[in-house]
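Paired with chain B in one complex and with chain C in the other, chain A is shared by the two complexes that follow.
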Partner chain A sequence: MHAEYRKDLFADERSDDFDVVGKPVIRQDILGHVTGRSKFYDDHAFDGLLHMRCVRSPHHRARIRSVDSSAAERQDGVVRVLGGRDVPVNTNTLLSLINFGRDDEPLLATGKVGYVGQPILAIVATSVRAAQEAVDAVKVDYEELPHVLDVEEALKPEAPIVNDEYPNNTFDYFDTYDHQKLRFGDVETAFSRADHVVEGEYQMSPIEQAPIETCGAIAAPETSDRITVHTSTQALFFSVGVTAKQLDISSARLHFIGGTVGGGFGGKVDSHHEPLAALACLATGKPVKYMWDRAEEMQVGGPRGGERWRIKDGVMRDGRIIARAFTGFFDAGAYTRLSSYAVQKSTGHLPGPYSIPNVASNVYCVFTNRTPSTAMRGFGITAVDFAIERHMDKVARVVGMDPIELRILNAYRDGDMKAHRREAKNCALIESCQAVAHKAGWRLSADAARASSKTGGGEGASGVIPETVTDDEGRIGERRRSGLAPEPFSGQGTRGLLPEGHSSNNSSAFGNAPQREDMEAEIERLGFKGGPGAPPTPRGPVDEAASGARPTVPGETSRPAGAGGGPTLPAAYAQRPAGTVDQSIAQPPAQEPAAAEVESDSATTHFQRGVRRPGVSRFISGSRRR
Partner chain B sequence: MAIHHGRGFACINYPIGMNLGGDPSQALVHSTPDGKFKVTLSSIDLGQGIKSVGRQLAAETLGVPVEDVFVDTADSDTGPHDMGSFASRGTHRMGNAIIRAATEARAQLLEAAAEELEVDASDLSTDGRGNIHVKGAPSRSITVEATATAAQFNQGRTLAGRGIFLVPLSEVDSDTGEMTPVSSFAHAALVIDLTVDDETGAVEVQHINSAYEVGRALNPRLVEQQLIGGAWMGVSHALYETTEPLYPDRSHGPVDFNHYLQPGPGDSVPHHISVLERPAPDAPFGGKGPGEMCANPVLPAIANAVFNAVGVECDSLPITPEKVLRGIRANGGARPQGRPGA
Partner chain C sequence: MLEVQTYPTIGEAAGAMDDQARFLGGGTLIMNRVNYGDPRFNRIVRTTDASLAEIRVEGERLEVGAGVTMAAILASRDLDFLAPAARAVGGPAIRNMASVGGNLMAPHPYGDLAVALLALDAVVRMASGEELGLEDFLARRNGVVRSLLVRRPRGDEFRFRKVSRVKPKGVSVMSMAAHLTRSAGRLSGVRVAYGAMASTPVRVRAVESALEGVSLDHAGIAAALSAATEGLDPPDDPIASGWYRREVAPVHLRRLLLGEDAR
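Take a look at the complex of A and B:
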């Protein structure tokens, strides 16, 4: 198992002359790790450390009639029993720190529960055993209620309401729709002229992040009325922010220490342990540890959500995919956590690394009565990649093509317009396909072996935003009232038409300019070749056989190439005149003039949304439109 | 009853950095009086190696030996703000913040050296071994250590730098989904060879051949461990893991590693990797975070290879022996598809 480095590829865009970068430098922390001496959060010892265990719901959905903890409170070693009424700000949603979504999840449930394992009481005792025995002695009187576990069942009019903040069982997007839309071109018309229509449905399983170190935190009183929290968090300031909010105390009183963590994989961003441990520390004046055992890690900790994806492709006989529509369901479980974000992330990823002229999707963040799902390695992408790449093989069979050659034929290239209306840059899918085919002894045709990400992109229609059909189907509450099927283009709603054009914002997502000029790195020291002075990549008419250009599709109208070209430096690294201090957020770099025959600028003004200066919140600068 | 060989392919791209931006990271760099540099952050090292990558980026940018740089991270009293270690944002966001902080500190370092050598700072360069010299005249030099001492004890000058990197927030259009999700994409393509036993339904992965495009391998050993570990995780997702085996039914959920299945040491798969590097213009030295994406292509490639071996469509995960066997039976027997690319 060793890697080969294909330094021959993209050598013209890279210099490799460094002292430290690119070298196999030994890890800074590895000696401590392999000798067992690195300190993880649980390696901090405190005299009189207290332990916390939670009373958890045994039901998918139930009303809590009463809670009797009197016997538990009398047990040996029990120091404190905490409930939802003890939490100053009990209800939160993780992304409230970036102003996205409504507070919908209690730290400790009161009145009702929405999933098996939901915490109701937190019991603090002198040992884990004493805390667990007290948990077992608590009597909760539940009235079981109907529940829903399947995402599509949850969309039906008669489905029980999972989350009172979102009574339609879907996250509200833009205060308008019950899903996130993507509309690019006109899939309906393209399906009708396609030689083949290929459909499929794909189901991701819920998966545990399975870190060796289970999630947890130790909160201990510090001098000067502060609390020190040793934590396994993946996001130190998210946890600081959530704790300050839920305990309603100044963050000046919180001292969080972490950074050495025994695996995360996305399962350590939910920030539930830190506020509970800190609350118990405040309530008792003693150091308190709240740590999940393995069973809690697997069944109470948020898993990767079960996602269901449907794909419908319109394909020409030669293998060119001309339309692709998706319907996606994210199983958020009982509360939002980060699923609302993952829906938008997956939408920006569609239709995968391919250049497809007509794309549409409806993606739903659906509430069900199960453990809230959360981030995991590949969040928002893993399941849809499984769906897309399974589907590509089915398309290859339908048209009788080699699976790799089908991908190379449809692969995105520099300059192609992506479905989220930004130009593709820095592409390398084709080269990755060629490299692995070579390695595995998988023979490719001469055309496929010659293709390049750097040529043929953005030519003709592939560089332009197509005329786009829109609709207002799926307004919030409409589906629950009418029982409409969750399909894109169900024929419902008012249709509209957006004109063809170029993107008004080809800046990609480059970072802000350096605050002062002496923070601006010299570009030649960062290893890039092909800066502003470098000749642009040849464009326009090329010899296909020699250049690996994309073959033209019969029947497609050919238009001149759009603006674009060779690698350019981002604003962040561009040289500015001495003395200027850019205090604003980076503006998109000036546009090259659009090619002559492209529709007038008025057609593009519709798309001037995008980069905007973030709003202000306490810890995280940024806000998102709901 | 027979063992059938199958070969499957998949390729992907992966968005690098938190989608839609609006997620700043900050770094501070300062020198001790003897020219050792401390980098202060709030990143989390989950095992992915951000401490080590950050250290390399700082050393390269400063132009000093990596041994003279130490990264101190995740103490909220000393480390400046960072959104966190998730969404393939550590190397991209924090890496850029470190480069900026180290660049400012380097400018201070060269100015202090210029004063000692009585030359212009723009005529100075570093050799990466602890010396600062006049460009083209290596003998006119001063050590980083002597420069730091002079700066702090004679000149009254700090050798320090601050960096922040923020990708401005992008909004999402409600009707079209127009957005600026990220600035760069990593890529991967993968060929899986496996066998399927048509009597037991057992799938055994034999070989993985892969090509991963990572922008730049900032530390090749860290890249390789990510790719090898990530592919193992992909095999595990495809064939073994789930917290809810009867999803959407919640019963029979595993509560320990006896019931939550993952491949053991004897199941690790020979993995032959090619690394491609097309530097991303706004990434640190062009490097894209390879860690998050590397499991993704394994899942569909395995499912595609199972179809190639026995003709069973596996469109729901994990691909258990039961699902494979039921598929074979529904088809009236195994239907090998023939080796692709032969």
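Take a look at the complex of A and C:
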């Protein structure tokens, strides 16, 4: 099919010197692939290569009473049997490397298993066959326990505990809530004045990335006391970091070679093969390969997680959507991996590419006894986009409107304020809709055909952050005790109010206050901090109030000059009219720092706060970071 | 441990088989089991018997050695009627190795060539010399095959069609073959076979009898189409659900019988 490119849509946004799109391009690695010369990790041959297979749980959830590997150890060809106690740092969470979440997943399970296929022992032998026969000879005595496979079942008070680190079956956000909140405007009031309220529920299934090359790694000893690891990972430095942490060795002893990934699509970031292969290499002094077979890739490999979304829209007769509330459930499976992050990514995407003045969402990272899910191609975005666009069609039917015109009516225009408090830029949904309608011979009304992303944006209320109702519902553990419904504003929790404000761009210090102090962008953590000689003042974005790029809000002070290197209390907090906000909501007393304390803290306060938490890896220490 | 045993003749190789042994033809089915350390067998039996790779004319019939590969079928003028089915198997690398005998043993949803052979009423000659119909062979699927005996169909009376989601190398949603023999302008003694619609390639007798005595046009085949999946319980697998296979079977059967182009 002939492709057509509408460069005119972005003529003002960038120089038009790109010359790649629309032409055949020789991929830099394709010659090696088609001639069979690219070396994948499994193409590296070693004398005396040992092979690893794992003993895996046949149950969704069970206590391990005992493991008897004595018969396996006596079998021909078996070199070593490794269990959880052989792993120096057995428990890890992928995002510990960026200090997000708590270590919750064992490399090799001890004591209990939380999903079918979870590895318990790793057996190293002279052939795959010998390793598999040894695996079959291991006797594990399980006490099967009740399990939960549905995200909403897992939230119920009586649900079994999936992950001991998160006993409420939900990831903890900001050490405070069992979900990620988004609050923008006042959805409750808007729903009460809407002509129609349209609700829908959308369920997406897990998807396996199904790479041609199954995940794996070969670890081989070097004479320099280092270990060379050939791996299929799509996140080489991630895998180095995880391996160094779990083996408790310096990453300087690890020589990772990757780069040829036989199909990744997100399924090769979990970094389970590299630590196990390297551990076996250390334990035996021999090169060891750990490779999944196809069945393992399908059953044990982390898929895109299943997601359930409920959307409730308040719609006026003319098709204008005035409120949208989301309740989202990400099925993380038994352990966190990257699902905690997927939730935040999806929240940043809400409410889709539409200018909706009142938005609220509660999104949950839920633990169930399923295979832990992980990254896959736009995870966190694709499923909710599907839900949003299906819901747009549903809204169009309810108000009796053309679905394309409904989208054009509600689409973001340049300058509109998005629910995550950034200004919409480079919008092109309207133009895309018009182009599609034209190509498909779909008749649009004159108004819709005339609409433009460049006009009408940011006018009046659509350019500002509305006065926003907040709540403190869904604190960690509350849902399990009380059976609280998951939807936003579904309980009797205390409400707060954040005043109207303007775009915050990189820091809310320029505009409205964040809901909580730790949602403040920490400018000093963005990008390169500079050497010891660097000026103490953070290199934040240009002070927009001072530069005049944005009008100063009457009554709002500009960013205090000469703030000594640390984040300052946003002006809006200081100026909040007494009595309108319950301080205990916006900032729980236990964690509320005094204003003076924040002012006097050094730029590294927030950074160190995380690192000093007990149980957090020393591998993300400040010295390592520098 | 795994042992590999090589015998000079197919007869000796057949004598070495038991339930712990697997016969190695082209290896496209066995070797991935070996790579994954399948503990269900501990011996691989193979033969260097050159006669297995031969294609010979035997009276009215062609004798195709069990070791003849898909690529060899594609290169053979005598077997041109089997070329569409042979080309439907895997990609070039697989076709260079995959053998006729192995295709008879291929588990669901594989075995597209066997579907064509079943519609052509092929006879299986075992290593012992015993001959049995392919349908009987598929019902028990054991023993070592020496060759297949098949008659060349006349004119355009043989049709084969493979339905897959990925082209050209996809796995079968279903494959279909029909031997549309005629008598006085009407169909008579037709044989129709499906692949991936049961645990082995199967003949579809309901369709065959509905085609008896009809003319090969829309009206004539209507009854056959409504009987397209009669007596079948197509399996669910990652390629397609049984429900889907049942729903689309009449459409593909119509395209097969009428020679309609389906893109």
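As a convention for this text, the second predicted complex is superposed on the first by the 484 of 626 C-alpha atoms of A that agree within 3 Å, B and C clash if a C-alpha of one lies under 4 Å from a C-alpha of the other, contacts with A are read in each partner's own complex, and residues count from 1 in each chain.
Everything that follows uses one rule, which is that a contact is a pair of C-beta atoms (placed from the backbone, for glycine too) under 8 Å apart; a residue touches a chain by one contact, two chains touch by 3 or more.
Predicted model only: the values in this text are computed from it and were never measured.
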| item | value |
| --- | --- |
| Partner chain(s) touched by A:G77 [first = chain B, second = chain C, both, neither] | second |
| Which superposed partner A:R421 touches (first chain B, second chain C, both, neither) | first |
| First, second, both or neither for A:R407, with chain B first and chain C second | first |
| Which partner, chain B or chain C, touches more chain A residues | B |
| Partner chain(s) touched by A:R53 [first = chain B, second = chain C, both, neither] | second |
| Touched partner set for A:A130, first chain B, second chain C, both or neither | second |
| Partner chain in contact with A:Q344 - chain B first, chain C second, else both or neither | first |
| Residues of chain A that lie at the interface with chain B and also at the interface with chain C | 294 |
| In the complex with chain A, residue positions of chain C that touch it | 1-2, 34-39 |
| Touching residues (chain side chain A, partner chain C) in the complex | 51, 53, 76-77, 127-133, 136, 293-294 |
